[in-house]
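Listed next: structures, encoded as structure tokens.
One chain, subunit A, links the two complexes that follow: it is found with subunit B in the first and with subunit C in the second.
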Partner chain A sequence: MSAAESVLTDGPQRVAGSDGVPLSRRLSTRLLRSELRLIAGRRRNQMGLLVLAAVPVFIAVAVRISSPREGRGPDFLSSITSNGLFVPIAALSVELGLFLPLAIAMLAGDAVAGEANLGTLRYLLTVPVGRTRLLVTKYVSLLIGAVWGVAVVVLAGAIAGIALFGTGPMLTLSGTEISFGSAVWRVVLVSLYIAVGLAALGAVGLFISTLTEQPLAATVALMIFTILSWIADSVPQISWLHPWLLVDQWMAFGDLLRDPPFWDNIAQGLRVDLAYVVVFWLLAWARFAGKDITS
Partner chain B sequence: MTHRLDHLQTSVPGGDLAIATRGLTKRFGARAAVDDLDLVVPRGSVYGFLGPNGSGKTTTIRMLLGLVRPSAGTSSLLGQPIPQGAQVVLPRVGSLVEGPAFHPYLSGRANLQRLDAADLTADPRTSRQRIDAALDRVGLLATAGKRYRAYSLGMRQRLAIAAALLMPRELLVLDEPTNGLDPQGTREVRHLVASLASDGTTVFVSSHLLSEVEQMCTHLGVMSDGRLVAQGSTTEVRGGSEPTARVLTEQPTAAVRIMTELGLGGVEAVPGGVRGTPIGVAPEEIVAALVEGGVGVKEFTVTSPSLEDLFVALTGEGFDVSG
Partner chain C sequence: MSFFIDHPKARWMLPVAAIGVIGATALTVTQTANADSGLQARTAAQLLADVRSANVSSLSGTVVQTSDLGLPEIPGLGSSGRPGLASSSLTSLISGTHTWRVWLGGPTRQRLALIGSNGESDVIHNGMDVWLWSSADKTAVHHKLSADQVRAGSADKRLPSGLPSGVPSTLPSGAPRTPDEAARAVLGLMGKDTTVTTSGTASVAGRSAYELVLTPNDKTTLVGSVRIAIDSQEHVPLRVQVFSTKLANPAFEVAFTAVDFAQPDARQFAFTPPAGTTVTESGDLTTPKAGASADPAPVKTSADPSAKVQGAPTIVGSGWSTVVVAPYTLPSPQNGGAGGSAADSAAQLGGILKALPTTSGAWGSGHVLQGTLFSLVLTNDGRVAIGAVPPTQLYSALAAK
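This part shows the complex of A and B:
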């Protein structure tokens, strides 16, 4: 009784601490916002975004300079280049091989392994931040990071493309032309599809990040995973494995540029993405929830 | 709410204790880093947790805070079982574990803001003033805007202490808080601990340097090689050892005879005089008997062994790292 009384008379904050935290505060996004500020404020990440943004600008300028003079080049290229939105699409397909996965791998390396390496993990956990809550926050910030990275490529590409090539009708992969307005929507769909794929890669990265205290090791491991997946996907002798590979349908985003869009491969890709998210998120949780934090 | 708190407080053994462990053990492989530990830390005490480097202090603290799972045994903080009750009780516990750790490219203040943002029990509206108060309390307010990487070791240590003081705490667990601090900083930490303790906060402070904590502790626990070799109030721990009477004289043989007759234990001649253990003999009786016996007393002292001697006797080492 006296112990309880002393808790109660110690002041309102202590009561709030010992009893339930109000629901509104339990759902607070303060930690997530702090996490995003941390990611956005890091010089290395800012440089990474610059690199992501430089690629579409480079593509746009290169195509502009080399585009055929009047009457000499193929019709095909000139009909593509009547709409600047080919630039973000081309940039995404180039960066999806290495740069975008690398960006996710860097963030994933920082997520848990980076905090463990700095020792800040033990201080977060004793604040306390529940381990599940920390993992959810880290994963949500990886998701936002994936969307962020794709958005930077697309926006830089769209601006450079429209500036250099204008806003004419877009030629679909089926050979038909669609208006600029519907072309914008297609680009948004492509971006979202790619972001979902990267988010699934982020789940793999989050799991790897719980295995080590070296952020660089986690980054490298995730890149090895990505590159091995691409290699396995390109070997026809193991085609039975292909439907199980995360990257197998990543390049299927081109199907969204058909008229009408072809959904089968996209749906298959999203199913694989979702399966990877579920499996690796659970693995990460199982690993992290009971882990001894000795860093 | 009274009801529920009451239930929580009384349903767990050791509810009146700030920290209680029973048979707490952690093995890494075959080696027991912490072996069968029964800590008893009363509320309101300043508990000095002593032991040489590598004696298992930090592993114990990690188990108390739910960072590491014990291999065996149980522990409770403020009456809550750990790790089950960690989320409930840790907001009332400020801690410093194995040195400071912060994001190097964030300022001291931004690092504290991050920790405060992580705390669901912290009110965001008072965040700024609480952070300022904590920085002020450790003397870092003026340099709060500097990046953490530019901080000296002493400033880093202070920032870590500030982080432990962001919220009102019932218990502070401070692992080597004076590490890396200059003598002035060490004194300041001592004063800080004393002022926190006078507010009623229980302080559990570990150190491998007894001299740094002995003046502020009401209770002591001494670790050696993963085991608790002594525990109790400072006087209890001290009480295990006896005082020594020393006489400086030029007639040691006579002094030995007289002191032995008086019933002192372990009387022996030492360079320049004689010493013995006065059990049940008042110092003035010894002096009177010596003078009566014609022994010229140049100097007479009765000293209790310093805790430092006791510490060395218990842990049996100086600079060696155990385990």
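This part shows the complex of A and C:
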């Protein structure tokens, strides 16, 4: 924390904190709440959520009105007719390729580069908040954004799916049927797993966002990172690299739909996610804390 | 914090340190712990006796098989249509990396689940019933075992291999599905021309194991050595690695990544075809086809799933350098019969075989495939020669006929 900051934190409610920042303020969620209000209030984010929600509804309606036919669509598509909860899963598997990373890329682009571009970053830092604390808040809001995006897809899909196909037992990949109640739990686990992966992508995005003052550049750069990862993951000649790629185990969420669930790939995916979060958040911190805020 | 204010550049040390820690952790985890685990030394002969008398009736675990057989990349065979995604089809076992889960609950209950990307193929044996389930096309095939076959299965005190004998399945006959099966194939092959040594202990799937090293004395074979890791308590093979003389890494490996010798839940062996599934009743089982057990080496048969052997094969040589010469006809797209996709892949395979480099000699002319563990020659006069030897040995075998 800088010296100027500790002077500014002097206030009536000051508690004797070790570095001069009152405990109540360090735990305060005011900054986070204002950040979330900003994210939720942006028209482009609202439109983005609408697109995310439209995909599962579109899938459900398309499957409903078409006659059942043989053929290989996206994963889990053929299972929709037996259980409505396959709609959110099919939608997630479709949107995980582009739409969900794009949503994170938009939020990440706005997070630091967007503020710098608007010239609001320096005002934010005079509030007063430490840069580390601002970066934590920005990352937590990205995390919430990831959960938010996935939840919108899953809720829209679940509502459309249950309305059109009902709540039959769910067919697992292993050929057994599980009750609707445990199917709901499986879908929640799938959603959480995907949200963690997107949150790790958010850490990469946050770092890129501290490198530039153009939000669009940060968004595009993160999309390039994502797509390059998918491409690298599909080239068998560099299979030694695959375990280190963020997206490598993203599609492993299907392992949660086996009976019993197969945890090996899920655990590997979570380990990679965690490693990306730690490394890229620290990179963002190293860059942001020493950065000159010129606008 | 003041340190970082005075030295802003020092902040970058933190992410770099994080990368270092993560990299080091990953390396130590993947590196096979070869530390001396305080196991009592056992001779090779004792270990061989241990393996032969192992009696494990319950087990659940995860098996990973990797192979680098030097086969040409065959789209649709090695991997599923999409690159980078493992296929769950049981016929795709012959190349690449595959993961499956095994459950074993006594001699009459076994389950094997091949894990694919968002797909799964299961073989479930429970008493008189054998089910083959495929999630990709939602089909189940039901076999009913005769009482004799059930009894034959229970009489076998060894670790069953996942599938009772005689089940006509889509499984490739050559690929061993458990380390135990692979070890048995290798030990069956092993004759007087093999040096058996131990190389201390290893750690496989978190369990300590003895390692048995089989080295062929025959210098003409492509098999450099075979290492079998044997569980120190249960005496079950946990890992089998086949090294080629051409590669530093194992050319073929089948190993447990997780294993538990407790009795699995009975639920694992229950299968009722779910609604909306196409169920095929296979009818009574006939006698087992000539399969893996008749062939001299497990990896050899996997090389050539398409060439339908119609005449009696000739065996040339013995032990590790056995060469099998057999007449063959390429399956033509017309006689595929089973369906469009089968005919397609047959035509595809025919094309691939024709694209192999050509060679000729005193024995005639044909196409040659040089793998890391075996070679294969398809002659233009309709013969196929295959063996775990370099092509020159195949040529002399073909000429001798």
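Things worth noting here:
Assume the second predicted complex is superposed on the first by the 260 of 295 C-alpha atoms of A that agree within 3 Å, B and C clash if a C-alpha of one lies under 4 Å from a C-alpha of the other, contacts with A are read in each partner's own complex, and residues count from 1 in each chain.
By definition in this document, a residue touches a chain if its C-beta (ideal position, glycine included) is under 8 Å from a C-beta of that chain, and two chains touch if they have at least 3 such contacts.
These numbers were taken from a predicted model, which means no experiment stands behind them.
Residue contacts after overlaying the shared chain place A:Thr176 against subunit C, while subunit B stays out of touching range.
In the superposed pair of complexes, A:Gln46 makes contact with neither subunit B nor subunit C. Once the two complexes are laid over each other on the shared chain, residue contacts for A:Gly290 go to subunit B and to subunit C alike.
In the superposition on chain A, A:Ser34 contacts subunit B only, with no contact to subunit C.
In the superposed model, A:Val129 lies in contact with subunit B only, and not with subunit C.
In the superposition on chain A, A:Ala275 makes contact with subunit C only, while subunit B stays out of contact range. Legend: residue contacts after superposition of the two complexes on their common chain; A:Leu118 is shown touching subunit B, with no touch to subunit C. Shared interface residues of subunit A, touching subunit B in one complex and subunit C in the other, are 1, 19, 290. Every residue of subunit A that touches subunit C in the complex is listed here, in rising order: 1-2, 19, 72, 75-76, 78, 81-82, 93, 169, 171, 173-177, 233-236, 239, 242, 251-252, 254-255, 258, 260, 262, 264, 275, 278-280, 282-283, 285-286, 289-290.
Interface of subunit A with subunit B (complex): residues 1, 3-5, 7-8, 10-11, 13-19, 21, 25-26, 28, 30-31, 33-34, 38, 41-43, 118-120, 122-130, 290, 292-294.
Touching subunit A in their complex are the following residues of subunit B: 1-2, 4-6, 8-10, 15-16, 62, 65-69, 79, 86-93, 95, 97-99, 101-106, 113-115, 117-121, 123-124, 163, 167-168, 170. Only residues 1, 4-5, 8-9, 11-12, 14-15, 18-19, 22, 62, 73, 79, 82-85, 96-97, 99, 101, 113, 115, 117-120, 122, 131, 133, 135-136, 138, 140, 257-258, 268, 270-271, 273-277 of subunit C touch subunit A when the two sit together in their complex.
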